[in-house]
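In structure tokens below, several structures.
Presented sequentially are two complexes of chain A, the first with chain B as partner and the second with chain C.
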Partner chain A sequence: MKQILSGNEAIFRGAIRAGATYFAGYPISPTSEILQQAALYSEEESRFRFLQAEDEIAAAIATISASLAGVKSFTATSGPGFTLMQEALGWGHVVEAPCVFVNSMRVGPSTGMPTQPAQSDLLQVKGGSAGDYYPIAFYPNSVEESFRLTVTAFNAAEESLSPIILLADAFLSHLYEIVDLDVIETEVIPRTKESLGRGRRLFTGTAHDKSGNVKTSDPANYREWLRELKERHFRVAEKYPLYEYLPCKNSETLLIVFGITSRIVSPLKERFSVFRPIRIYPVLEREMKEVAASYRHIIVVEGNDGQYASWTEWAIGRKVLKVPCLGGGFKFQWIQSQIEERLKEER
Partner chain B sequence: MIDRSYKELLKMRRFPHTWCPGCGIGAVLKNVAMGLKELGLDYQNTAIVSGIGCSGRMGGYMNFDAVHTPHGRALTAAGAIKTARPDLKVVVLSGDGDLGAIGGNHLLHTSRRNPDITVFCNDNEIYGLTGGQAGPTTPKGTKTITSPRGEMYPPLRLGKILTAQTPYFFARTTVYHLNHFKACIREALLYQGFSFVDIISDCIELNGRRQGFKTAHQMFKWFDERFHVVEGVRDHLEDDELGIAKKEAEVEVKAGAKPEMEEKPEILEEDLKHYTIEELSHVDGSEGRPIFIGYKGKIYDLSSSPLFQGEKRMRCHIAGKNLTKDMEAAPHGEDLVLKFPVVGRLKE
Partner chain C sequence: MKRIVFTGVGGQSVRVVSHVLAMALKELGYEVALLFDYDSSIRNQKITAYLTYDRMPIENPMIDEADILVRLHRKGDQLIAQKTICDTGLCTDEEVPFGMMGIEKFGKAIFGNMIALGRLFRLIDIDISRMELEKMLPRSYAKENVRAIQTGYDLNLYED
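Showing the complex of A and B:
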């Protein structure tokens, strides 16, 4: 059945398709609709449990704890809430809890400009919690893709045994499009991790060995643990090298865009080649390098002051041009003029 | 013979444990394990959740699936686990700093939601693991390394906070008043809903010594001076009282409607365990066992009586006996016995 759905609704439906039965959240624009949907759905479906927590710290901890208890769980928030969730994200990686964190970005830092869209939480996604860990993050650009990628995120969570981050932005969350979810086929990976109450394990954020004994002063044990975690996460990330590449004949310039910016610059695809990373982190290093090799100019258009641009420079090993769309300013004409200006400066 | 079967619930190969000699956490771990064992709780039907701090390490010594959360988040984790797996008994083991300070917001809201979880708070009135900084329950005036002139602020009154909204179960006990301590653990584990046991415990190395105590036992004596046991179930506990405060949810009265009385499940006579005189004589309060007495064919549990706490427990001459005949000679009436819980029947 065709229907008009928002990005937020599609994310929620995607989670249900993936088999999620637990949601914890705290009201925040622009993802409050997901919380509302969860509340309504828990009335209809008794298997589905929902918690409106006292803050995002509790929402995130509850999401991970429910996952340890054996259910597929998720939470949704925006930048300031995502900051509060960083503690739990670090914990979730160490206790190996498969779950999904949705972060729909708005202008920051702090409260920022509620609720203007932005794409400025990339660094927070990569390493907002203490220590070394290797998160996997996806970023759709349409309502239908929000649905598909939510399922993908749940699958990647089961495979990597970690919280997966699904990015969105205030535009995408409130973007309404016509979709037919019934015809979208998805593969769902079931839960395999054993739930609580079956063993004598210790799920701890403290460094530990394989049998759950705390090891607070054993560098060799830590190195081995981190190596395994890193290997597993990169192996799962490799399984999802998601991107979209639209080459344009005779173009010497490649635009790198993602999420809502990719929708806004789409009229320019007649003039420029476009590369859209969907797996935002780990960075699509090899793929980007291959694509970028045949272009003279690389321009990253993004809703922050060059976060992905610096990752791109690191990945392809050369300078890129930046068009930062700050303060929620995503006007097409402005972006177009900025691109022209950057190219003029280069000539 | 002391019943040592509780040791099945502990990871004995991980001993000796990490805590200092004289620390009260050992007593908490042991008695909670005994309480769990007594009620038939094990790794297949129970999950342990702990926070950060010395007390948070308890989960790692137990033969259960244990979740060791970030600092302060034990209650949130426990609530979510109970929601996702209602079949599991969920027990939280943590400390005053974890539950009262960094986890304070979660304490307010988890208790408000009243999930069926049991919380044992090792309340040693100090941040022990980090070296002895003042904690949320440190009494005013106490000198610690972060309150060199004495703690400036009054302590957090856990008992007042947790009895502000019904329904509630709040118990305060100490690691010294052993029988009372055991009775509180048992009652809390049996309670349906959010039950919180504030266990006044000692940290001799990082709190006691700075205050001039030479041994853990001196701190126990100090607990005995500061607190006294009150009998039966109360609505509220004063700050110096040890006991159980419990209240059912207030029934909302809609205009024009009669309040519905909730039916309390009655304990049926045939469900009670039968004791012979011989069996009864073993439950005499010695070696940490409860104090049972027989009276008119029934067995009463006197463990929570203030008359039999601390060292007096050992001198309790009536424990483990059938006192039906003795009552006539006693200077008091039978009402003194009848107010204690009936735990069994006496085989004549």
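Showing the complex of A and C:
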């Protein structure tokens, strides 16, 4: 059945399709509708549990704990809440808890512009918590893709045994489109991690061996643990090399753009080639390098001051032109004028 | 493709009005993208709804220039538009005393927004006679809102 759904609603429905039975969160623009949906659904469906926590720290820990207890769990927040969740995210990686963290980005830092879209939490995604860990993050650009990628995020969580980050932005969260979820086929990977109460389990952020013995001064044990974790995460990330490439004949310029800004610049696909990373992290290094090799100019258009542009430069080994869309209110004509200006400067 | 923008302030039901239009267009088989942009202080602060519809999937849901702008409050966005309809004093294109009509015919200025929606349906050639508008509206005041939409739809009777 066709229906009008928002990005936030599609994310919630995707979580249910993936088999999620637990949500913990704290209200924040622009993801409060996900929390609201979870609250309403918990009244309809007794298997589904909902917690409005006292803050984002508690919500993140409850989400990870529910996962350890054996259920598929998720939370949703925005930039400032995501900042508060960082310590728990690191813990989630150490205790290897499959779950999903949704972060719909708004203009920051701090409270910033709560209802205005941004794409400025990429660095937080990569490494906002302490130490080395290997996050995986996806970023859709439509309501339908929000649904699909939520299921993908839950699957990747089960495979990587870690919290997966699903990014959105204030516009995508509040974008309504017509979708028919009934006809969308999805593969759902069931929970395989043994749940709480079956055998000895240790849930500590402290370094430990496979038997759960704390190992705080054993470099070899730590190195082996991190090697396994890294290998598993990159193997799972490789399984999802998600991107969209729209070549434009005779164009010397490649636009790299993602999330809602990729929709806003869509009229430019007649003039420029477009590369849209969907798996935002780990960076699609090989794919970007291959595609970028055919173009004289690479322009990264993003809702931050060059976060993905710097990753792109690292990935392709060349300087790129930057169009930072700051302060929300993304509009096509303004972005187009900025692109023209960069190209003029370059010539 | 048509691009419609509603702009006003929180409390004027910009969300409801644009959502009803989106549902009506969906019923007619159109693809619709409806994007909300609003200030973090909801009450009495700017809210804008960008609605694009077409027979093809919508690529860019944001609107720089509207085919029709429905301006309900002076705080609303002043976009470039082919045609603007507005409450009295808010534009120089098509001024209609929506708020006053709402008070006179239905007892509250807020019904002026549904009258504006009715006018919009007429302007974009959507025949509402066979639509089940009541089902698309919030339950409270649904019947009054349907009548308000009809009032706006019939406004062309007063044109030259």
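Note that the second predicted complex is superposed on the first by the 346 of 347 C-alpha atoms of A that agree within 3 Å, B and C clash if a C-alpha of one lies under 4 Å from a C-alpha of the other, contacts with A are read in each partner's own complex, and residues count from 1 in each chain.
The rule we apply is simple: a contact is a pair of C-beta atoms (placed from the backbone, for glycine too) under 8 Å apart; a residue touches a chain by one contact, two chains touch by 3 or more.
Bear in mind that the values here come from a model prediction, so they are computed numbers and not experimental data.
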*asked:* Taking chain A as the common reference, can chain B and chain C both be placed on it without clashing, or not? Answer clash or fit.
replied: fit
_Looking at A:188 after the superposition, I want to know if it touches chain B, chain C, both of them or none. Which is it: first, second, both, neither?_
neither
_Let me test your reading of the model: by the given contact rule, A:293 touches which partner, first (chain B), second (chain C), both or neither?_
neither
*Which partner, chain B or chain C, is in contact with more residues of chain A?*
B
*Would you check which partner chain A:91 touches, where first means chain B only, second means chain C only, and both and neither mean what they say?*
first
*Touching A:115, do we find chain B (first), chain C (second), both, or neither?*
second
*Applying the touch criterion given at the start, work out whether A:40 contacts chain B, chain C, both or neither, answering first, second, both or neither.*
neither
*Please work out whether A:24 is in contact with chain B alone, chain C alone, both, or neither, and reply first, second, both or neither.*
first
*Give the angle at the C-alpha centre of chain A formed by the C-alpha centres of chain B and chain C in the superposed arrangement, rounded to the nearest 10 degrees.*
110
*So after superposition, what is the minimum Cα distance from chain B to chain C, given in Å?*
27
*Please identify the positions on chain A that touch both chain B and chain C, taking each partner from its own complex.*
none
_Touch list for chain A against partner chain B, complex_ = 21-22, 24, 49, 51, 53-55, 57-58, 61-66, 68-71, 73, 87-88, 90-91, 95, 195-206, 212-214
_Which stretch or stretches of chain B touch chain A in the complex?_
11, 14, 43-47, 49, 57, 59-60, 63-70, 73, 76-81, 83-85, 87-88, 105-106, 108-109
*Complex contacts: residues of chain A adjacent to chain C*: 2, 4, 29, 113-116, 171, 174-178, 263-267, 329-333
_Residue numbers of chain C touching chain A in their complex, please._
19, 22-23, 26, 31-40, 58-62, 64
